[in-house]
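Order of writing sets the chain letters: A, B and C. Residues in each chain are counted from 1.
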């Protein structure tokens, strides 16, 4: 109904609705409807079970290792992102869980970042996690710090921290660019166990070579539900699979049309 | 300090690159279809067209970015196009301005009449979207602090609709932001000169037409220099790049020989 | 209440920007423009101030404790020196700011960037081993791509660049597209969870 009324409105006043974006609107509304349905429908919550993700399963192991070795743990979100990027939000979700575990193990958590907004949000996330774990006094605010907005200033600063602190575990989760391999190789050289994940396909290949565990593609975004076991978040992850199936069906149909009827263009929008 | 295997690989690479730089031989390169496409795109623009050049890089990548940017600017000025420079990264601001002035001098171009530099705007996504709404509102003044309205070259430039296209000179993911927000939201034509490491990231966008044309890395710069008929640092750096590739190939072969010999003996390399 | 207000603001702005995407009306575009060019920039400017204060605080504390003192002093000197040079002598032409930028910052940054080449060499040496059939295929693709980009004066046959382009344009690109679709869908669900308020970790936790 909402789509129809929007189209009607657009016809009456074309200025308020850009009709060339109608296909995008329909796709967006279908996607939103599927996400909302899976999130709030209790039956679909029960049916859903998430597969094991090795990188996320290793989170506890990485923190345990740092605690046993009495060495800190470094968590950094990369240089490429800012707070409005979903990847950064996904990284924050994992940070919240990691901080809760480090709080209970009393393992120092060092979080260098290139963005002051990310720093402020990370401080809040970590503070809340330490509070939830029941150890607010163990939180060291200065360990969550802004180092430099410059890409290689940030890379040099984090590299320096890795070389001096010799962390037992390193989490490279967020939006990474050319600094990814520099950080991952330095982490490798100090013998740290490394868990990485990013939305950049080119940096993923570097992480796969240099890190112990790599979260590929949507695994990074599913982490929040996986770690928290929150049923509504877990269920929303299910919507990704439904949307993927729809995209595959669309691709197959479009491929058939493009092959059989070369002049067809309906699938191009 | 005890030298490990990786230190020897580092020393070997340094010797290879320095030796290649000292030789000074410039190998012949054949322009690739991607580079030819960019050349033809610039050639197809009518004289006097305004093109937005976005210097989306930091100082760190200057050795690779400079040959690319200089080749592009030489072609743009020789075709009597009117480039308008902007920067989405603070560090690229001074670099972009310096490069434009340097190449403009070679072609006797006057600042404000033949080209202009608007400077830096923080928060790249906001800046790209904001220019789609109004370029004068996003940059009320140019890099030199003079009002936007003062320049005749900018008199008809209000939004992306008034420019021929955007060419992003980038060392990271900023071209992707131009594609997602500039092209996706406002339909402006995006092309790019990028560092070699980023080429594969943008291949899917190039194939889908979301990115109009792309020139990548030092090799791309050398190819472009050949097309415009003016030699530059792209061609000069080709031997060093080629030698380092061959060195890495050698390392991979040695690594595998060690691995298989160790496996034969029952161990793991 | 402390979380409710930011949550409501987030939801409202999320929906507003979503709706504005579909409109070309001058009023909608003006609102979009002012959110993007004014609000966003103002928030960033204040946040940068918070970052700089935090940077100074952390470094001063470390100097006081004697921890990594030389590094911290250099960092603070850099932070103070550049604005002073910019304020007194400007940032254009032959100013001292430009001199420091061209002769100190550019070489230092390029040096860190150049480390990438060394790490690519060491990672290739360690990582590209034909341990299994898929690893061997990956190894061959890497060798093919490297060789195709190392052509000196047509030394190798045209088959190499053609084969490398085929690998790049078909198997490699299909895999990357699949990953990109997954990332796009992941971004969509994460953003929606934030907008509708079931994901609140970014507010310091307290999931719904």
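Throughout what follows, a residue touches a chain if its C-beta (ideal position, glycine included) is under 8 Å from a C-beta of that chain, and two chains touch if they have at least 3 such contacts.
Since we're looking at a predicted model, the values are computed, not measured.
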| item | value |
| --- | --- |
| Chain ID, smallest distance between chain and overall C-alpha centroids | C |
| Pair joined by the larger number of C-beta contacts - A-B, B-C | B-C |
| Whole-Å separation of chain centres (CA-atom averages), subunit A against subunit C | 14 |
| Whole-Å gap between the CA centroids of subunit A and subunit B | 28 |
| Separation of mean Cα positions, subunit C and subunit B [Å, integer] | 17 |
| For subunit A, residues contacting two or more additional chains | 149-152, 178, 201 |
| Where subunit B touches two or more other chains at once, by residue number | 6, 58, 60-61, 91, 123, 197, 200 |
| Where subunit C touches two or more other chains, by residue | 21, 44, 109, 112-113, 116, 120, 122, 124, 126, 128, 176, 180 |
| Residues of subunit A defined as touching subunit B within the complex | 80, 82, 84, 149-152, 175, 177-178, 189, 200-202 |
| Contacting residues of subunit C [partner subunit B, same complex] | 21, 29-30, 32-33, 36-37, 40-41, 44-45, 91-92, 98, 101, 105-106, 109-110, 112-114, 116-118, 120-122, 124-126, 128-131, 139, 142-143, 146-147, 149-154, 161, 168-169, 172-173, 176-177, 180 |
| In the complex, subunit A residues that touch subunit C | 15-18, 21, 24-25, 28, 31-32, 35-36, 39, 83, 86-87, 89-90, 92-93, 95-96, 115-117, 119-121, 124-125, 127-129, 132, 142, 145-147, 149-153, 155-156, 159-160, 164, 178, 181-182, 185, 199, 201, 204, 206, 209-210, 216-218, 220-222, 224, 228, 230, 232-233, 236-237, 239-240, 243-244, 247 |
| Residues of subunit C that touch subunit A when the two form their complex | 18, 21-26, 28, 43-44, 47-52, 54-55, 57-58, 61, 68, 71, 108-109, 112-113, 115-116, 119-120, 122-124, 126-128, 176, 178-183, 185-194, 196, 198-199, 201-208 |
| For the subunit B and subunit C complex, residues of the former touching the latter | 5-6, 9-10, 12-14, 17, 27-30, 32, 58-63, 91, 94, 97, 121-123, 126-127, 129-130, 133-134, 137-138, 143-144, 185, 197, 200, 203-204, 207, 219, 239, 241-242, 244-249, 251-252, 254-256, 259-260, 269 |
